[in-house]
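One structure, pasted below without further comment.
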């Protein structure tokens, strides 16, 4: 294999075969990015997406455990794309030379490092939970440790473009939403913003693939344990609950009552959120409501009436596919929301944020259709 | 979702983050292609790859059973990419207006249509078995029916770029190799071309994912039947056997004795070929032999010594990853060869052929890393 | 393999290793049973369970499509157990010589045959939906055809032993509950019987493995389609909805409002029902409520507080495992209910009914632990 | 759930519904067994099988890591079967009160404990590799540590009933064969014993489910890593290689040349061995050869000519299913051999040995058909 064969300058690239616009040539400046904690699934997924991004160079990727190892040794699918990239010990000085740094780390790491990078002028895009909860005390209750950087919370922007696009464009610190929170919020926003459902009694029954549990070697994530089986978990309270609730409260403008039950599903990627609400407002055309709400959103696809989106229809892609149902024309609305937990639920959304922050077209690097079958 | 958000003209696209060559801008002419029999897995995979190809428009896609249906209805992963494309009845006149037509059909269909298209000046890239076997009688024996277009065999080029690149460039009719034949031939070519193994006794133990059986509704392909199980099949003689043998004979320049046992594996995509031969020639540096043989090949990746390539390392990508072993330094060589049966084993290889025929860089549309995990 | 090696008369057999009761020897009379429609998954599962039942001989098994074929040819796992059993054309006279006949057929077949068998004195245990709905008009609405045997509805007993044990003992015609209805009813009965939840607003979010769709060759059940993906289906109204509602109404003694959303899960066996209700009554000790309700039930296992039952914990066994949760001590109760859809959700429950009808210990043939992992 | 409902004394139990022999009642003495290292997959599988064995009580089960935990907490499928059984620290005195002790431990543990138990009169059935290799030096080379109990090797019997049944009956120390060695030896024995193949060049291409790697928390065994992929491993030399070779040498009466390549398959249970040999002797009726060799073997099932056994056909059962092929009537023989790696490849074979040692019918506890689908 020749590496340079993969270096192909697509001069008239388009990712639709339906229109070929003529636009003026412009020389973008390639930006340099770093990734802290690159050995996990969100790390490798960032690398996969960035390999298709023409304006971004991955300059540094860190891992304490794998320092010195070539990324292609750990992830052979990247051979030919990152042949010179090697995991290194995290070094704030070197990271600080990047235009932007992604944190693909367990919680707590971005607390410790983000401040210094921001001072050096580097933008920070944090895929962990460190800056998702606006209230530091609430964060501490759910994560069982003091908040490590409460002074940064003011400037942290919750990176859900469908809600915060303008703030993201000007942000220096992004809290990338969690996977469940993305799927649930996108499914409920139109209803909450219009005040159409009883906000005291919302149910989110969510199903995730096993990559949601990360790449850690846990018995419960073994193929022999998680395969051919289905189970709920964390019914008494999952860490994504306060994040989801915060987003719903923001949309509704009032406290909400939410029951959130996540389930582990025997598949690798994908989240399916099934959302239930009691209709209280005018629900004459829920389909139109959803279509209008997301008409201009590049990462949300409202399916035709009667659809049942499959998680595989978004596998590898930065899309949320939605369908809205009202069984037997009753007063219960059911929203079906699917994402790829590693893309729109993590690395893709992180890249969508970066694209917004640096003025690239929002879906750059993520135009390919989902891999199906 | 806005369709035009997916229309992004990548002006400085590069798919490696390691080098940014400066090359002159050139206006390619977009070509028009058709797909006959587009409802199966090789059809949808062609559409997925072509959506990432900047120089190709899919003008027509045919299906007798689904005529009138939008392709995005059948394959929701394509929403936003082919919103105006609808399956139509096969019409030679309309197909004949395309620069090239892919056949993603059961055997026999290309026999019936290819001649007329060739006469109209359309290039034909046949993913079926119709033109793979040079000997029409041999073809008839294995397919149980008369060969429908023996007069075209002379101009049919076997589309394995690693063997026939120059002939492919000038070809008008391509027989895209089968999935097993691709994995097996690429694994054995270096050994056969150098006369290093006993050609009377070659063993190819091959494992395929279930998409190898197509999208037909067969009981044996149900998740409840093929899941959580492994079995061999067609031990007495699989239709890919004569095709593989033909390729090996060509490489060896002599008759070969081949035992080929395919196995059905509980996964969706991927072929793993495990190849066994008895070393008879100088086998001092098999690793170097393989690396040199494929040094200039963009679609073949020789892994480092001691590697065990996983099928998932090529999932969705047009690569064959190879490793060569000599257990206990004995006289048996073991080659491990993995491909994605739908990409390098079918649609990707078909597109690689089209790229060669029309002068596009050979891997255009297929530069993305494999989807892993 | 010697067939007679598998014929082992377990003279002191016990299926717990904890106690060895001394009970008097008694000569049971072996009964003869027939199976109509034995080629599907509920048919082969009946055969698997009956092979472990010491008091039952399978005398006849019918299949129009496979008449003449040995059952062991179709299901090699049965080799050594049913070497002389062959599918035959359905023949009421021959079936009428059986003590009991199972119908493992699509709807409509039992309508046509049950009456004649009952007249011949044969008990009928129908695994299809034919006699589950007490109201023939309601049945017709959901199944799109006239009810074929309304005159038999009076004597049909709904075969949920946890509700109807005494009636089952004396029944001649059993309607074996559906898979979803079993999981949902067992999870909700204690709450409804005690009037503890708001019956206007019950939500049943259910996940099934693909065997729920049967052994028919459907594209949607292919491993390549249903694998590695999750989707809801039939949100507008599944045929199990009226059956579930009928059971809940019976338990509550009043109309209920039920939202039922089934999901297809990438696994072979298993149903996970996640049930949501709003607590209105005294819910001080839901755990005790469930434990007491099912204290004497051999096929229901109430898990300890805080449990999350996995579907694999009942794979191959005739158990429903339940856990009851009250997140954040709020007013929402969440019940998790898992069964093997082919056992407690079909063939096992059918056998449980037969055991009750013929005076065998209720779990005979189904004492083995679930297969885990 | 009532535990005593699961205590059912099957007085006329038979596991075939085809014959009901009349045999005299006999009061067996229930034996007491212990399990050392019961938390792994072979441990829980032993418990599953022993729950169906009427003559065996599990008296003690040890685990250093889980001491004090109820086995049903770790393995909920066992609830109702072992409600009083708790993991305890290994205690030779207590284990020495058992009639037999199974070791389901990593290598080295049985070396340390077996001697003391044998002195106390307890029979030892070792599922680990500690006593499989007759040559202590060979063992040390492959396991990288000194052999811990070479003085016991003389009395250790290799527990493959199809070869050593008489010696097993009188044995005090059993080395239960490995999973790959069982599948490979059973597939090759008829050919080697009759001298029909070239013993210098035998190929065993083997595919295993992930439980073969045990229940340890390893990244490579995660569903997200091992799912939807296939790979070879240990091509340079797997620890089962010397064990297989030893068995083949014993059968052939001469040194053999063996190439053994194991593969990791995305399924939970099952081994599929595909075996290749060059025919040198009279191979007129290979089918008859296999049928005759295994005519009296309760755990080996020779399939009809042309068969392709599936691993699922033996899931949960103590059977090896074999098919023998001679493609194109050439001089290559292909044997297909499937087992459940946790049953005939481990715990079931261990129990088969115990049954032989204590005079129980050989398949006691393992008469149920495989779980299919």
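Letters A, B, C and D mark the chains in the order given here, with residues in each chain numbered from 1 onward.
One rule holds in what follows: a residue touches a chain if its C-beta (ideal position, glycine included) is under 8 Å from a C-beta of that chain, and two chains touch if they have at least 3 such contacts.
Chains and their UniProt names: A, B, C, D = N-acetyl-gamma-glutamyl-phosphate reductase.
Keep in mind the model is a prediction, meaning the values are calculated, not measured.
Q: So which chains count as neighbours of both chain A and chain B?
A: Touching chain A as well as chain B, we find C, D.
Q: Taking each chain's centre as the mean of its C-alpha atoms, give the chain farthest from chain C.
A: B
Q: Between A-D and C-D, which chain pair is linked by the larger number of C-beta contacts?
A: Counting C-beta pairs in contact for A-D and C-D gives the edge to C-D.
Q: What's the distance between the Cα centroids of chain B and chain D, rounded to whole Å?
A: 41
Q: How many angstrom lie between the CA centroids of chain A and chain D, rounded to a whole number?
A: Inter-chain centre distance comes to 46 Å.
Q: For chain C and chain D, what's the span in angstrom between their mean Cα positions?
A: Result: the chain centres lie 33 Å from each other.
Q: Which chain D residues reach two or more other chains?
A: Residue numbers touching two or more other chains: 41, 211, 224-225, 227-228, 266-269, 309-310, 312, 315, 373.
Q: Any idea which chain A residues touch chain C in the complex?
A: Going through chain A, the ones touching chain C are 201, 203, 205, 207, 224-225, 227-233, 235-237, 257, 259, 261, 263, 265-270, 272, 274, 276, 278, 306, 308-312, 315, 325, 327-328, 330, 332, 334, 336, 338, 373.
Q: Please give the residue numbers of chain B that touch chain C in the complex, ascending.
A: So the residues of chain B in touch with chain C come to 41, 209-211, 215, 217-219, 221-228, 266-268.
Q: Which residues of chain A touch chain B in the complex?
A: Result: residues 1-21, 23, 25-28, 30, 41, 44, 47-48, 50-52, 54-58, 75-85, 211, 227-228, 268-269, 294-303, 307, 309-310, 312-317, 319, 321, 361-364, 367-373 of chain A touch chain B.
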